[in-house]
Every structure is written in C-alpha cells, then in structure tokens.
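Below are two complexes that have subunit A in common, paired first with subunit B and then with subunit C.
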Partner chain A sequence: MSLRDLLSPFYVWQRAFEKPYTTKRPTLDRPGAPAYRGFHINITETCVGCGSCHTICQNHAIDMVAVDEYVGRDGDSGLRPRFDYGRCCWCGLCVDICTAGSLRMSNEYAWISEDPGDFHFTAGIDDKPWQENALGYRRAEGYHLYPPKRITMPMLPVEESVNTFDEVVRGYDKEQAKKEADRCVECGICVATCPAHMDVPDYIHSIRDGDYEKGLQLMYRTNPFPATCGRICTRRCESVCPVGILGEPVAIRWLKRFIVDQVDKKDYPRILNEPIGESDFKVAIIGAGPGGLSAAYYLRQQGHAVTVYESRASAGGMLRYGVPSYRLPDVELDKDIEHILAIGVDIKYDTEIGRDISFETLLEDNDAIFMSTGLSVPSSMRIHGEDHPRVLSGLQVLADVASGRDPGIGKKIAVIGGGNVAMDAARVSRRLGADVTLLYRRRISDMPADDEEIDESQAEGVVIVQQAIPVEVLDADGTERVCIKWGEAKMVDDPKGGRPRPVLQEDRMHTETYDCIISAIGQSSDLGYLSSEVQDQLAIEWGRFKPVEYQHTMMEKVFVGGDFANRTADAISAIEDGHHAARGINRFLNPDAFIKAEMQDE
Partner chain B sequence: MNTIDEILDYAIDQEQQAADFYEEVAKNAETASMKKILLDFSEEEKHHKKILQAVKTGEHELTPQQEILDLKIADYLVEVEVSKNISYQDALIIAMKRERAAYELYTDIAARVPEGHLREVLDGLAREEEKHKLFFETEYDERILTDN
Partner chain C sequence: MTSLNRHTLTGHSAALDFSQPEPVDLSSGKYVKLWQGPQHPGITGNMSLELTLEGDTIIGCKTHVGYLHRGFEKLMERRTFIQNFTVVCRIAVPEPTFNEYLYSHAVEELSGIEIPDRAVWLRTLNLELMRLASFLMWIGGQSGAFGMYTVPNWTLSHRDFVLDLFEEMTGARIYHMYIVPGGVRAGLPEGFEKRARDVMDSTEKMLGQVERVMFNNAVTKARSRGLGIIDPEMIDPYGIVGPNARACGVARDLRKDEPYLAYDQLDFDIITGHDCDAYGRAWQRLQETRQSIDLIRQCLDRMPVDGPFQADMPNVLHWKVPAGETYVKAECTRGEYGYYMVTDGSEYVRRVHVRGPSYTHAIAVMERLAVGCNIADIAGLMVSLHTYPPEIER
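Our next item is the complex of A and B:
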C-alpha cells in the first residue's frame, strides 16, 4: 500500500467543510412549470365516479374506492379515484378522459414522507395542499378523447313526417352506429339507473365488435322488448350518461335499436335458444302489456305453463293502443311479442277478467297470478260542460287510430295536457290534417312529456300555449263544434317548497271554438274486475298497488307490476316489474330451487 | 252569534261536523283504501278543531293578516256527488269546496261587523279555512293534475 492510499481518508475530510454538491431535500422554492403534470386534483363534487380514469390508466395506478363523503345514487357511483404514486407515470391520460372534467393535475411535485403508504391517496378527499392549486395540467378547452356530440340520427324531414304515420326515426347505418358506440366509455353508470339494469356497456361493445347476435343475447337477459325500447324508451340511462356532462350522452336507445334492426326475426330462436325448464306449476297473467309479457317470458323459461289473458284483440297494451306507429311501428312491436309467444306462452285474446272469467276462478285454477293491467281510464277534468260530445279522450283517439278507425276529430282541435299521451294525441291529430293547439296549465319546462316529443310536436306545427287553465266547456254553434274557456295562469312559488304552482288570473280569460277538444290530463287504473273484498286484501293505496318484496301483494298467490304498481309509468319499468315478479313467483313456487339458482348466479 | 266565544264555538262545531261527514262517507266507502283516505280527512278536521279550541282558551293565536296562497282550483271544478265508490279525485273536490264555503262564510260575516277584535277573529278563521283549502288544492295539483 502506498503512502497516498494510506492518507486518502484524510483528503476526504478536506471536503467536509466545502459547500455540498447535492441537497438534503428538494428545493421547494422552485415551482413546477405552469402546465406541469404534478400531483392530482379532483373536484369530488363534480366527479361522478365513472372510473374512466381507472380504465384508461396504462400503469394500473388508479383504483376506484368508496369514500365516506359520497354514496352511490343515480348518475354517481359514489366511488372516487385513488392514486398509487409508485405506479403513476404522470402521462395525464386520466385528465384527458375524465368525463366530468373534475380531474386535473397541479404543478406541485415535491412530497416528502418516510411512509411509502402515504403515496396512495384519494385526490380531493385526502387533505393535500395542492388541491386548490390554480396551476398545473388541464385538458385544453375543446379537446376530447371522444367526440362530445352524438352521431346525428337520420329523421324524416318535418314536411314529410307530418303527413305520414311512417316511422320518423330512420335508424343508424353500421358506420354511424359504430362511431356512436365508440363514444361510450363503458363506465356502467347507466346500468344502475336503467330500471331493468340492462347490460348497456357490453351490448354497445358488441356493436364495436360487429357481433350483433351477442348484443341481442345480452339484451334479452333483462329485457324481452328491445325493438320497442330501442324506439320509445324513456332512456333514463342517457340522462345519467357521464359522456353527457361535457357533451351529449351516448345515444343508448338508438344503439339498442340498431342491434335489433341487424337481426332477422327468423334467426331469433337460433340466437336466443332459451332453455325451457321443467315445472308442473300454472301461472296466469292478466294484461298483455310490457309488464305482463315480460313476466310471461321469464316465467316460461322456468317451465311453468303460462297463460296471458288480454281483453283486447291484440297484445301490447299501451305500446300498441297508445303509442302511435310513427314512433313504434306495429311490425317492430310484433317482433318482440312474437318471440315471447314463440317460446310457449299461451295467450287468450278478447278475454276480460271479471266478464269472461272471474278473478276468483283464475285464482283457484292457478298456482300464481301476475296482474299488470296498467292505467287505462282517462282522468276527468271535472270542469263544467266536460260531457260535451265533442270532448274526446286522448287515449280513445290514439286507440282509434291504432285500430284503423277514424276518431272524427275535425280540422281545428285543442289538446289539453302536457304528458306523452297529450303529445301523441297532438301529433296524431296533425297527421290527420288538423290544426292543433295544445293547452297546458304549467310551463313547457314542467311538462312530463319527453323533451324530444315536445320539440318534434312543435316542429310539426303543434302550437303549445303554456300556463293556460281550462275552466269550462261551452256549446258552440252547431253540434260539430265546441268552445273552451281558459284562463291565463301565473306561476307562484309554493310556500312549502314544492314546485311552482299555476294560479288562474280571472281577468285574463279566453274563449275559443274548436271542432273537438281532446282531453289528456292523466290516467288511472280500472280495478272493476276486482271485488272490493279482493281490493281490500290486496291493500291498494291511492288507487295503486303497493307490492312488498318481489312484486308480491298481501294476497298469497298474487303479484303485480306495471303502471298501476309503480310511479314511473313507463314501459321499461313495467318490463322490469314483470321480470322481478317472475323471480318472485319462482321463489314463491319453488323456494329451494330459487335459492340454488340465485347462488349460482352469484 | 255576537260574542267571540260564540263564534269560536260555531267554528269548532263546524269542524266537528266536517269530521263526522267524512266518517259517514268512509263508512259507506266500498274499499278499505278509500275508507282510510276519508278517515284521514276526518282526522285532519279534528286537528283543525283542536287548533280552534286552543284559540278559545288562549293557547293559540289566529293570524288574520297572514297571506295564504289561493290556487283557485276549487273555484272552477264541478260539484260532485258523494257515492259508495267515490274516487280520490272526487273526495278532494268535496273537501276543497267545503273549505272554500267555510272561508267565504267567515269572510262575509267579517265584512258585516265593525272593525275590531271580533272582525279580527273572523278574519283569522277565514285564514284558517283558506289554509285548509290550500292543503287540499295542493294535493289535487300534485296527485290528480299530474299530466296537466
């Protein structure tokens, strides 16, 4: 060993008092660049927990976790992203995809901790100083990883649609459907909100794959009316679609329709090929509307002998007799119904319970009954002169047109109401050549009718007079005409916090003469086929059934569903009621098999 | 009917009569659900009676100046008959029209008496009836006029 080697440790000591070349900790006085991709910020109030950030992250650095501050509800999973900074590569894709625009990055980059566990953090929930940081990476305005606007649906031009009962919506072609399907982030927020919990992300994915048969199979798992719902569903799924927060929601309804449109009806048995179980039980269903037929479809698969009793000449209920063909052509409704019947569901048309067969007989002859007779009685306005022969009900006008009868409305008519029946009656009347004025007590924004229906009715020339309260029907010259007296309303705030209420202004009254007045202010149930004793046993409240678990009523064998048992009164809720009741009936008839099947599903 | 106590006794009696009326209609109603609704109406009237009894003993004060929202629904609906199979819509119409009649009665009498405590009591009673009418009219607006 040389002398130099021997002395070398002492040379090091020479350096001990010099300025060091490294720093003990990062300098905190050097801020990140203004658009630096630093630690994440999440505006948790805006975030809907869609998980797009989690899905897109190539490093699996984001988990969606439950947090105490939020609970799941329609349009919000209640989950929030949790970041693992051991994995994050700061690429910013999570910010770029964020559907709500709630995720961003601060320009903060220094975080010192001796505990590695600290670097898993839930942005916006765990208290961090950079949450309020105004600088850092933001998605550039107008920049989206998916197109914010939906693919425009081809429609019949208004000048054509107003003269025909042909379907207004023409449907996507393959290229359009694929482009629209590509906008879906597959988050599944819609699944929770859809009353039937349809597997929306997966059937939309089947469009991307071009595998329409798989798409059809997925839809039939929870909904045997896809052709119908693909046209007239109230699409609550779209109202919560996160893509709609910064753009337009994915056209889920039209994509569902697209899948059905691609599959020929004759191929349904091969594609769906439902296994039919074995059973000795008999189940009767009252009403061949969407609720009744949905129950029939799922009950039949268990092998039960299912008979549907329908008072009219055709099946479909309000879908056939209430929804006009320009929205839902008969051939499309029949595509759904014929497949349900094809798996062995028996149906007895023109058979009215209470007239042709008593409810009690049905109860005795069957092991279970599902009732879904809807809201078939038009509500009365209860104003003077309402029994005038030129006052028609909206339901009757729609049923006449659906059955090929002339409702005899004339050329200048008034429709009263703001729901879907009123809109359908108004648009049907336009197609029959009438000038249509629609009177509504509240504002257009308060109308329960679908927004699209309101817009399309106006485009077709329906004149909507809002805040118009009908107060009296009067005779006009001649028996073929009628007058309506109505007053202007002012909207007044409800002192108890409810929605604003219309108040008649007696000094602003109008009287107008029409060829007829179509009243469409609401519907109620016709329970005339049930004796008062049975009604009491069923525990009906406010004219509606109040089922307990699995659509079961207080009567041992009786299950209910559809418009007269739920508050939403739309086809998809009735379909789900039917499906749910089918499970309830299976549980009731064969509890052991039900529990086994449920465990297998899980 | 000159003293305030006499007027309050009359009003209390009217509330009891209304309660009895709904109980009678309930007895004849065909279904249990309608019976329950009518008995709820009867209970509501008994509640009004208790309020007026509290006014008489000085435990509660009327509010003659209070402005109550008038939806005017009862004004233009037809009179309906009481029947065994009465609907909820008709039960509400009967109820709101009864409250309206009571409101008009107290308002009319108030206009005929000189200003002072007696008129204030009558105005206060009118306000009470107006409140009851609003309750039934709001229910009608909410549950019956769903699409209108």
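Our next item is the complex of A and C:
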C-alpha cells in the first residue's frame, strides 16, 4: 500500500465542481428517442382490421373490436385493435406485421391516469394525447415479416401465346405454390368479400400442409367450379387482400387453380363423396351455365330430382362459349361440369324452353324452377349502319371459335368496346391472324376489363385507341369490307362528381376500312321464352330480375340467379346465386327441415 | 484450449476437494445461521445465501435460487418462433441482447437462413455496446459493495448514455428486441455514429477517473486483495469462464477461439491477468471495458452503411422451422453463453435450454469461495463473480 493509494481517492471531489450527469425533470427535458417504442397509434382510416397484430401478439394484449364507423366498409373487417396495457410488453411486433402500415408507436412513454380502464383502449378511436405524435417507432424500410412480393406466375411468352389457343398461364409448381400460400395472413377479409364466401384462408392453409384433397373438399363446400374459378374468376378477394396494400396481394386465384391441378378427376368421387339426401321433389333448372349447374349441384345433394335444360349442345354457358380456351381450356371446364353431373344431375341438351317445352309445362311438372339464362343478346351500338353484314358481335365470334367454326373475320379488324368480352374478341382475333385495333370511347384507365387482360392484349399486339367514339358504319364501295367513321372524344368532368364523360369532337373525325368490325359493348338478356303474362308476374325491369331473399321471385315456384339477376355479372356471383337459390328452394320445399339444418349449422 | 493443463478430479489438490463439511451443532451457541437475501443490496439480484458463521467467519454457504423463476424455457415451447424473441431478452436483464442474438442465431441455423453482412455488423455493434453497458454497471456494483458510492453514480450515468444509444438504435433502453431471426429490425439512425463516438470518448475519460479513485485506492485494495481466490485448478471442473477465468491467466474467449459475427474481422487480443482474487477480476474487467470501447470504435469504422439488414424471410405468422438440434454460443460479459435448441418441424420450438455462466459462478463457485470469508466481504465477493440470478432460473 502506498501513499498514492491513500490520496488518489480524494480525486472524486473534482467532479463536485463539474456539470452533473443527471437531468432534473426527465419526462419534460428528455423526450423519447425519435424511434422510441412508446404508446400505440393507429390510423384507423388506413387500417382494414386484418387482425395480424392480434395474431402475432404473444401477450394477447390486442383484441379486435367492432367499430361502428367501419363495420360494413368494403374490404374491411370493421374491427380495430384494442390494446390492453396491462399485458403489452411494447415489443412492437404488431407494428412490424401491420399489413396496412397503419399501426405505429409514438415516442411518448409517460402516462398517468387514476382510472385503470383507461389503459385498455382502442388506438385511434379513443382519444389519447399522443394520437397526433409524429415521432415514434415504425417499421423500417426494407424490413418485412412476410414476403411482400408475389411468386411470379410462369406464362407462355408473348411470341408463342399469340399463335396458339394453348393456355397462357402455366400454373405454379408445388414449391412455388407453397411459397405463395405462405404469404397469406389468414385474416378472412377475402371470405367476406368473395360473393360465394369461399373459405380462402383454409384452402390456402391446405396447400401449406400439402393436403390438396382437403383443399378440394373445402372449395366444393361453396363452389362446384374451382377449376374454372381458379382461372377466370374476377377475384374480388385479391382486390381486398391486405397483403396487397403495401405489397402484392396473395395470388388466391392461382392457388385455387393449383389445388385443382393437383387432384386427378377420377379421384373426385372418392375425395368429395357427397352424401345424397332423400326427397320426392322435382326441380327444373333453365340454363346450364355456372349459376344453373351450381344450383343443380347443391339441390341434388338434398336428393331432389334435378333436370337441367340447356339450349346448346354443351353445358357451361358463357364459360364455354364466351371465354376463350387460352384462358379456360375446355378440359378444365369439363372437369368441373362432369363432377356436377356425376352426382346424379340430369341434363337435356339442345332443349330450348319456349320452343321444345313451354315454360308453363315446366312450371306445372316441377315443384320449383331455377332460371339462369344470363345475358346472351349483344347490345346495340345505336349508330347508323350497324346492321351491316360485316359487323359481327363479340359473343358470336367467341361462340364460333369455341364451337370450332371459322368466324370469318378477315385480316384487319376493329373491335369496339372496353370490357372483358372486347378483350377476348381482340385476343382471339390476334390468334386467328388478324391485325386488331380496339376502339374505346373513354380512357384505358376507365376500361371495365381486367388490367391483366388489357396488358396482355397490348403485349400480344392489339392496338388500343382510346377516346374513340364510333359514329357511323359505312359500306366500303365495291368490296366485302366495311368502313367505320369514328370521332375523337374529349373527357369532360361531370359537374355532379361522377366519372368524366367522353364528348365527341365533331372536327376530329377519322374513317378507316376493315375486313370486319366486332362490336362488344355489352349484352342483355333474352327472355323471349317467357310469355308477357309471366314476365309481368316476375316483375322484370329492363330485362333484369330483382330477386328477393334466397333468389326468390314474385312467382311462387320460381327462383332466379346469374348475370340477369345480379349487378356484377360474373361467374362467381352466378355460382353463389345458384348455391343461394338452392338453399332458398330447400326452404321453400321443406321449411321444417331447412330450419333444423340451419340451427345445426350454428 | 487453455495454457493450463487439464486437471483431473482424482488429484489431491485442496481446491478440488468436493467433500461436504461436517454438519455443525447449532445448539452449541458457537455458530450463527444467517440468511442473506433474497432482498439484500449485497446480492446481485433475487437469490439468497444461507450462511453459517463462526464469529465473523463463514464456515458454510448454501445458495438458494428460485425467487425469479419465470419458466422461460417452457414459455418458449408455447410461442411461435417470432414471438419468442420478445421473451428471451428477459432472461438476463442487464444484458438482454446476448439472448436475442443466440436465440436468433439458433433459429437461423436450423432454418438455413443466412443473414446479410450489414446485419452481421449491426449485431456485433449491438453486442459490444451491451458488453460495455453491462461492465459499467458491474464496476458500479463492485465499488458499491466495498462502500464507495461515488463510482456507481459515474458509471451508471455512463451506462445510461449507452442506453441512450440503444434507445436511438433499437427503440428501447433495456429490452431492445432488436436482433430478430433473419437479421435486425432497422439500420442506424442519422447522426448515430457521431453520438456513439462522443459517448465512447467520455466513457473512456470516466474510466480513467474510476481507475484513480477505485483501483488506486487503499481501501479497495485492502478489502479485495486476497478475497475469493480462484485456484486455476478449479477452472475446468467448476466450468469457470469469461473474465473470472481470464483473470487467472486462462486465455479463453469465444470471440477469438471460435469467432462469430464480425469478430474475426476485428483487431483485438485476449486480455489475461495473473491475480486470481477479487481485485484481479476487477482489474481484468476494467481492461475489458476499455477493449470493448475499442471494438465499438472499430465497428463504427468498418461497418457497411447501407444494404439490406434482413434476410428474405418466410411469413412469420406460420413459420415452421425444420426438425433439428443445435448448440450455439457466444462470449457474453461473463463468459460462454449458450443456447441448445431442438425443433421438430412444427411452428413451435420443441425444447430450448439456455446455458448462462451465472449458473456455475453463482452457485458452485460461490459456495466454495465464501467459506473462510469475513461476513462483511460476502457482498464484494458475490459481485466480483459477476452473476445474474434470472439467468440461473430460466
């Protein structure tokens, strides 16, 4: 021990004259760091209530509670996270997983309240002083707890696809499908949005488990057309998928297709093995499209004798005659239809109601009727010269191609319209070797067609002329060809706030000669098979039905569904109409059993 | 692996005498039984020592643990792989990030995830900052245990400056939850490097002051020299690791022996001492604190400033890790810290076993070294082993 050891400790006194290390009023003088994980903030307008925060919270500190303001909003569960600060550990995983990016944390960390209930609050709904705080923790750029990007779908290259009717989309392999299925956060917003309420998260789960048979069973509970919908569904589910808010939505449609692709058709009876009930009722179905066959499938399971009347030589309706085979090959459509027929549904082809059998006879002979004859009459362009022999309808061209007939379109054609039928007609024409110009009266961004369809048609060489209003169809003198006169349109804002309206500019007219013009601007229903008396009783408006509950009409035995009875006019809505009508018909035929069954379900 | 020969238990060394002492007759009035803890400032956390005294001298010591048992290993079997990383940090409160790193590393190893370079460096920086913060707290504890309360004020203040850095970097001061399976949660905020260097400079200056008042101190020397001597022969049989072993001259440091993260790219040597007593261990830790500052500066100099900090991850909500088992380890402030993990291919871990250095140091070694000490020195001895009870009771 030295003298130094005795004196040296007194050095501490030097610190007494220096600035202290401590802060006098920590909560006031020392705010949390800019990225501090403090109290939660939720931007409730952006939040869609997917509940991923609730799922990931290891403390069960987050409950999803209904908030009136958001209940019933499209693509929104109507729920918002409610935090329990007696449980929260401020790990911030809820912020990291938030699919909408609406959840964050403020850098506030001190909060005093005498009411313990205050510490249980719905962020963004219950007023808290830190709600407007601009600082605090949020997920860093480049940090993800699920893959934000979709697995790329293998497609036929454009050079090849434009020359063949082979399917363009090739489908995922097992590895790709598993990876894509992995992206699902299982929120179920898709289930609520799907017109048929398909059990999307569960069948995606079955892909992750590699149990495709279970996936198939789940799909058939609500949709007997999975092979079809797995290809051409309008997939409203994907438009609301929360994974798509900050990234790309889960490829729900392709995953559905993947499951069907994995299961051999001959295994369907074993896997699905639908129990067939017992019943003495007879039900007739008019139209073997997706609506009619879906109703037939679910009605047959109740044991009713189901007969489907189809005016054409094959079943499928628009799926067969309106959707080109490069999007939906016949063999895939047949996979769905054959299974429906296999459970004992009787079908009469080439039988037209009103011609071969009268509607009244049908009404007389059956206990209930489901009508789903869709929209089969092309709408008129309402311009002079429209009845020219070289003006064809898109539906006709598609039906001809589907039936193996040559539509005789020629080498240079124009397609009028901006919907999916117009796109199909244009792409089919490209495959038949024609140069295709597509005229649309509004802008490409206004087109009702799928974005995917628009992009692919352009890639395949369809020239889209936007803001082009057809004015008149003229003879091309002395030839088999046809002239169209069209004018450029100016988009004028709607003073009432609706979408901008195209206004023809008289001084900017063009005339062009084509081998043919394909008109595809919409279609309407053909109800000629119904007498005017029946039509009156059914309360038809503008060729469309407005069914009441369970797809019932004003006539006792008659139920309707499909394109002419709903506003969305797509396959999945028709399928749901059929399923829903089947429930309605059961209720109508056997109310007691129906109520019993419903109660059991609950 | 060490410069010492391995010793077998068959040797006749007194250090390796594991025989139990004869029970004493308490009714004789010659002895006193005394409980120190579980709430006692001289214990590093909630555990207790059952001491038998003869006069001032301890003739028997038995440790009692369990006051902090929260069942972490079991909790982890009921939580998904992503949820667990918020639990593991609680296993060692003063240095949570070693748990975060090892847990993440084990999961990554079993699922075959390779983390990007920037994440490697950010993790290294994070772990070294943690080491620094932990050592600063320890110096304060050791000084306080010998009755000098000025030094804790300095070192804990500087620990708080390091925690400020953590707060900026990770969003929290104690439970950072920054190292996550797949990488880290964020890059460095703007201006962090400058502030980190400032803290390093002031801490280095403060350590000089600590050396003057605590190490060149007649009282400290009088009380810690010769206290709790670890016989080098005890190192292997007792599983003594970290600074406790290095202070006895055993050059054993996982950062050098089996380099992980970016340690093979950093320039440093293993520091060893030769005094095996409490003073020697304190001196060892002071030098290692300085080394830590140096390593932090090296990290700041060399780490990449941009690029990804997270590997491509599956959806963590239903993440299944392939079946397998692994043992991963790292050199924490107190020695080898290890995670043994078994997975069965499900969404949950089958078994995790956490190996913390406190288990041996606070129980077997403590029971051994306490015998013969003065009752007044028990606190100083316990702190000199640098143990954390929560880590004993995972």
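As a convention for this text, the second predicted complex is superposed on the first by the 566 of 602 C-alpha atoms of A that agree within 3 Å, B and C clash if a C-alpha of one lies under 4 Å from a C-alpha of the other, contacts with A are read in each partner's own complex, and residues count from 1 in each chain.
Definition applied: a contact is a pair of C-beta atoms (placed from the backbone, for glycine too) under 8 Å apart; a residue touches a chain by one contact, two chains touch by 3 or more.
Remember, it's a predicted structure, so these values are computed and weren't measured experimentally.
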Legend entry - Partner chain in contact with A:Leu135 - subunit B first, subunit C second, else both or neither: neither
Legend entry - Which of subunit B and subunit C A:Met509 touches, first, second, both or neither: neither
Legend entry - Touching partner for A:Gly417 - first (subunit B), second (subunit C), both, neither: first
Inset, instruction - With the two complexes superposed on chain A, say which partner A:Val471 touches: subunit B (first), subunit C (second), both, or neither. - result: first
Inset, instruction - Could you say whether A:Ala520 touches subunit B, subunit C, both of them, or neither, answering first, second, both or neither? - result: first
Inset, instruction - State which residues of subunit A lie in both footprints, the one left by subunit B and the one left by subunit C. - result: none
Inset, instruction - Spell out the part of subunit A that touches subunit B in their complex, as residue ranges. - result: 379-384, 386, 416-419, 421-422, 440-441, 448, 469, 471-472, 492, 494-496, 498, 501-504, 506, 520-522, 524, 532, 535-536, 539-543
Inset, instruction - Would you tell me which residues of subunit C are touching subunit A in their complex? - result: 79-80, 82-84, 86-87, 148, 150, 153-154, 157-158, 160, 164, 167-168, 171-172, 175, 177, 183, 185-187, 189, 209, 212-214, 216-219, 221-222, 308-310, 312-318
Inset, instruction - Can you check the complex and tell me which residues of subunit A touch subunit C? - result: 1, 4-6, 8-9, 11-12, 15, 21-22, 32-37, 52, 55-56, 58, 89-93, 96-97, 105, 137, 140, 142-147, 182-186, 205, 208
Inset, instruction - Enumerate the contact residues on subunit B facing subunit A in the complex. - result: 30-33, 36-37, 69-72, 75-78, 80, 87-90, 93, 138, 141-148
